[in-house]
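Take a look at these structures.
Look for subunit A in each of the two complexes below; its partner is subunit B in the first and subunit C in the second.
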Partner chain A sequence: MLETLGAAASQALTIANFFGAALGIFLGSLLGAIPGLNGTMAIALLIPVTYTWSPLFAIAMLIGCWKGSVYGGSISAILLNAPGTPEAAATALDGYPLTRQGKAGKALKMALYASVIAAIFSDSLLMVAAPPIAALALMFGPAELAMLILFALVVVAGTGAKSQIKGLISTAMGVLLATVGLDPITTQQRFTFGSIDLDAGIGLLAMLIGLLVMSEVLIQMEEGWKEAHTEVVAQSKEPGANRVSWKELKGSLSIIFRSSLLGSFCGALPGVGSITAAFMGYDQARRLSKHPERFGKGEIKGVAAPEAANNAVCGAGLIPLVTLGIPGALSAAVIMGAFMIHGLAPGPMLMMEHPETIYGLFMLLILSDFFMLIIPLPLMKLGQWVVSVPRAYLFPVILVLCVIGAYGTHQNLFDVKVMVFFGVLGYFLKKWGLSPAALLIAFILGPMAEVYLRQALKISGGDPAIFVTKPLALLFLVLTVAMIVWTGWRHHRGKGSLDHH
Partner chain B sequence: MRTKVLALMLALALVAGLAGGALAADYPKKPVKLIVNFSAGGTTDTAARLMSTAAVPVLQQALVIMNKPGAGGTLGVSHVARAKGNGYTIGTCNMPAIAIIPQIRKVPYKPFKDLVQVCAVMPYEYAIMVRGDSPWKTWEELVAYIKKNPGKVTYGSVGTGTTNHLVTARIGKELGFNWKHVPFQGGVKATAALLGGHVDVINNTTASVASSIKAGKIRVLLVTSEYPLKLAPGVPTMKQKGFKFSQISYMSIVAPAGTPQVALDKLEAAFKAATADKGVLKSCGKLDLHPKFMPGKEYQALLKKLSAEWGALLPELGVKVKK
Partner chain C sequence: MILKSKDFKLGAGLSAFCLFLLLFLIPNQVGPLTEADAMMPVLITCFILLLAVLLMAQAWRGRTQEKPAEEAVPAEHRSSPLTLAVVVGIMAAYAWLLELTGFVLTSLVAMVILFLIFGVRNWLTIGAITVATLGGLYLCFETLLGAPLPVGTFIENLME
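After this line comes the complex of A and B, so read on.
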């Protein structure tokens, strides 16, 4: 064992690998932070280049890039209300109000601390408990996943909307839009109007850039037409507005821990992903808070919760990859390609055949978590400087970046059209008090719920009893019902107390 | 006057012909775009990237890879079909995108008219697999169990209309038993469902689960592709079990129709060299991928045969066919 660790250390802990991890984090957070561009793009662009490098260097860089981009998205979400990555959509809900109050520095730092703590938590889980967690993840088959996703959908439906009914409308729109493309079970075309581009469905990243970034540019252009030459926000004069106090961090620790656990769980389950994790993290913080009314208005815990959850996905997302050869998240699937090109077929044999590589990878993972505490700091400063540039100069640049970002992921002009369509739609959604964020999460969860539900029914031969005879499925079904009842009851009680006044 | 015009036209035609010939002779003059119809990091992408490097010495130009994944590989293929047939845009192609999917739903290309097969470069290797701790040690044991418990056994495929689905369904039909099909979106999810015990059997590419097979977590019961597997020695192939068909699917290189013959020949030679390249074979071998060259004409004929064969079978296997 010690010998293996020694070999791992000598393989992993080289200046070149440190540089790789650091460069990955830098690139990831930079592309993640620029609205329009994103980390998936960074990873896709890096993959071919990494084929000629040593495996640990390449993999450390790709994982660094992934982690960096998941954090980086929060920078633009907080500063501009234009999340650079889909994972950061939930972070904007409270991060941007904090910026409007002049507390951007506080929000940015809280996002960073929450991210790093969660990343260390998740990487530690990967190192000490990968096999049992992988076994737990495997217990989730179509029936269990269908109920889990239904639960998630009920929990996060309507996040960020002005009222419950508007939240539900946003959710319904997201689910409807997600049905465009090939039917996941029969592979027949649905709502594709004869377009092969729509066969592949509406591209998530193109839609996200339009819905969250371009729409925000349109909104702010209109709002600030007269004062377009002035700064977006002034720094608050309040003491401590630019930093996270020890008290605030301590107060958020339990939320960060819960979010880390939730994020790790979402990461270990193949195909649930970091966006779901971020929204679930945000909602657990809001629902379990003594002051849920503060959320959406600049609650610092509303920044910590989603950031901890989405960063916890990375480490745990590697659990099924290294133990079973099954990538838990989209970026993990791309990283699997990097393993493969270097002749390391991910799966149960990886640990037995190349333990020194795996342990070396673990060492680099933990190391990159500490890098993450330092490397994004200059980006944060840069970001704060950028938003002090008058909007009249800033927004045209962002619009161009939106086009580049939409085109860049698949080099497909159709995606640019999708982006513009959703940019305009997002503008109206925001005007009407509907929630683009709720639409986005429904767009992601809706098709999952459909696929798993139909697969489960295929397995059972059409008998819905499968959802109550499987214990884990039943558990989440009960939780879903309880959640609906609880929400309804709280809503009712809220109204009742209003009547008394 | 008329002769002058005629002479001029002749001269022009001659120049044009010469120029055209010259153009084709020094093909390729710039890098060639290779559209990979699956996402970066997957089996097809990995194989394409390894081979494209090895094709450079013959081609004397770089191959620039672009990934256009989606819609069962048809999206990338349609991009190739739409491109100019000048030899500077080619792509990877999977068998169903030509021979099966166009019969199930509308695709914006005519599989045999808009595209030319440059050559096939790698057969995919498939097998029917069960969990390592399942009670079935051999194919016969599994068949006996299914016959005794009709409608109870489920099999996962990588999607409706894939060879994984169709061949497995056809096996059931030939042997006269009923097993339930559960389509997953890709091999990863099908494998996860098998390992978790949510489906009993899967038909999947063996390369993607090589590590689990070696570790004994997954057991191969029947090799459904044509030849025995190095990965699962001693496991019978379908042919050895008396079936008259097997799961044939190649990764091939396609070009838009109208690509000059000179360019096609050059590309074919380049990929032939790449599939025999020692470095490629070594790297692919580590991943249990086994490139093998087949001339474009031969593969085109095979595709036509497969297209007719599956076309006749689709309705019988319960797949909705395009009207």
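After this line comes the complex of A and C, so read on.
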């Protein structure tokens, strides 16, 4: 073990990798601060740039970008009451009232400290929890893995769709799209329409950029993008108004740790995500406070709680990804795409085959948390300029980046056409209340589901009873059915999907 | 009522698509429905068909009937469906013309048109952002990453 850690440290702790993590945090904070851009979009657009880089450098940068964007979202939420990312909406509840009191600096710094503490907590949890879970997952056979993926597919169906049925339709469409290309076992062509470009299947990155970035631009165009005049409130001249005192930080520590724990729990569960975590964190802080009436009027703990919760999701969100190969959230699915492009297949074997890379990545993650303490500070000063970049300037640049991003990885012009197709499809999916996020995660999990399902059936001689005679497979099957029933019941009671808090 | 009819239409459209898949596309593009290659596409298509029928039934019973959301954003802050269609058209043309006219020329024209569509009228701003973006991308891909950007067959012929 010590040998592995030593090898990981020598591989990971290099100036180049430090630079990668720092660059990711800088870009993430910057892009996350701009309303209209979010972390997932930023990562999707950055992946093509990284494909010639070393896996550690590239993935450290992309995860840094994810973390940075989660914090960056709070900058515009606090300064303009316009959350840069959806998960920062809870931060705006108390962050913006603080800005109106001239205490924007205090709110931004508290958001940063809470984010860093939560990120360190969550990354440490990832380091401790990942190896035993991966070791346990190695005992799974094809039947168990097929049922585990089925369970994950049902869970992700709750991500972003307007109803359970629509979530399941989105998921099934993702699995169906994953069957395009050569059959993984017999190499028979499926849905290729005679095109060589489709033999390898639909390009993940082109699909991802189309579904997440181009469609988002189209949706924002339709839903309202021309900025109204935004009021920028001057900062108070009082020195105490722009810093967080030790007393304030100490008073918020228990809330930060509680929210970190809650965020880590939400992150480790597939399909829950950081939006839910942020609102749950805010809610528990308000309910357990001695002064709940102060929340919503500029309570500093109301900034610390959601920021800690949504930042804790990042590290813990990598637990199912690294150990089981199951992306629990959309950002994790995009990061999984990055792993795959760099020749690393997430799952239990990854820990066995590339332990140095994985432990190296864990080390860089913890290190990037400390970078997060330093790098976004200058952005606070730039904040008012960054958050007010007009979308009329942003959209043409994003659309050109979509085209180049889709082309960049394989230098294939067909991928650009695929990107445009999925951009339009993503727009209609959102319009119809279907979920591009669930479709994308299912597209990634689909091939694995098919291979394990067919392997299991081959082992049993075609007898589907294998899925109920193996205890773990049966457990996942029962959980899958329970999940469908529970989500259906929730929907029936009018609570909607998991993402609609 | 609006959502009810929208969900019903979605369910009907999906059902028709699933039937098209089962009766035409899978037999022609994959193989006989009983073969192993077709197992996953058939299973998933049947599942989508079932869900589409359920969606239609639910919409018919009015379960998904909700009040349409109030328009929070004033109309002048939104783009018209025509603008949306034009942007999609530009993106499609961009994707198809890259092969012919290459990265630099196609992106330059596309970016300028997109800026104009999004209401930017200051030519200095348009020029500065376009040159900075395209120059940055060209440097990044051609020089730093060693990934050649498409030159375009038309430009190649001109250069020859």
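We take it that the second predicted complex is superposed on the first by the 279 of 501 C-alpha atoms of A that agree within 3 Å, B and C clash if a C-alpha of one lies under 4 Å from a C-alpha of the other, contacts with A are read in each partner's own complex, and residues count from 1 in each chain.
Note that in this section contacts are C-beta pairs under 8 Å (C-beta built on N, C-alpha and C of every residue); 3 or more make two chains touch, one makes a residue touch a chain.
Given the structure is predicted, the values throughout are model-derived calculations rather than measurements.
J.: Touch check for A:S289: first (subunit B), second (subunit C), both, or neither?
T.: Once the two structures are laid over each other on A, A:S289 reaches no partner at all.
J.: Classify the contacts of A:S54 with the two partner chains as first (subunit B alone), second (subunit C alone), both, or neither.
T.: In the superposition, A:S54 contacts neither subunit B nor subunit C.
J.: Taking the superposition as given, does A:V397 touch the first partner, subunit B, the second, subunit C, both, or neither?
T.: A:V397 sits against subunit C, while subunit B stays out of touch.
J.: Does subunit B (first) or subunit C (second) touch A:Q411, or do both, or does neither?
T.: In the superposition, A:Q411 contacts both subunit B and subunit C.
J.: On the A-aligned overlay, A:L138 touches which partner chain: subunit B = first, subunit C = second, or both, or neither?
T.: In the superposition, A:L138 touches subunit B alone.
J.: Contact-wise, after the overlay, does A:T186 reach subunit B, subunit C, both or neither (first, second, both, neither)?
T.: Touch status of A:T186: both partners.
J.: Can you list the residues of subunit A that touch subunit B in one structure and subunit C in the other?
T.: In subunit A, residues 51, 185-186, 188-189, 411 are touched by subunit B and also by subunit C.
J.: So in the complex, the part of subunit B that touches subunit A is made up of which residues?
T.: 39-43, 45-46, 49-50, 65-72, 74-75, 78, 101, 104-108, 151, 154, 159-161, 180-185, 188-189, 191-193, 195-199, 208-212, 214-215, 217, 283, 286-288, 320
J.: Which stretch or stretches of subunit A touch subunit C in the complex?
T.: Against subunit C, the touching part of subunit A is residues 49, 51-52, 163, 165-166, 168-169, 172-173, 175-176, 179, 183, 185-186, 188-193, 214, 217-218, 221-228, 391-393, 395-397, 399-404, 407-408, 411, 413, 416-417, 419-420, 423-424, 432-433, 446, 450, 453-454.
J.: Sort out for me which residues of subunit C touch subunit A in the complex.
T.: Touch residues, subunit C against subunit A: 6-7, 10, 14, 25, 29-31, 36-37, 39-41, 44-45, 47-48, 51-52, 54-55, 58, 64, 72-74, 76-79, 81, 83-84, 87-88, 91-92, 94-96, 98-99, 103, 107, 110-111, 114-115, 118-120, 125, 129, 133-134, 137, 140-141, 145-150.
J.: Which of the residues in subunit A come into contact with subunit B in the complex?
T.: Subunit A residues touching subunit B: 44, 47-48, 51, 137-143, 181-182, 184-189, 194, 196-197, 199-201, 270-271, 320, 324-327, 333-338, 340-341, 343, 345-350, 352, 410-412, 451, 455, 458-459, 461.
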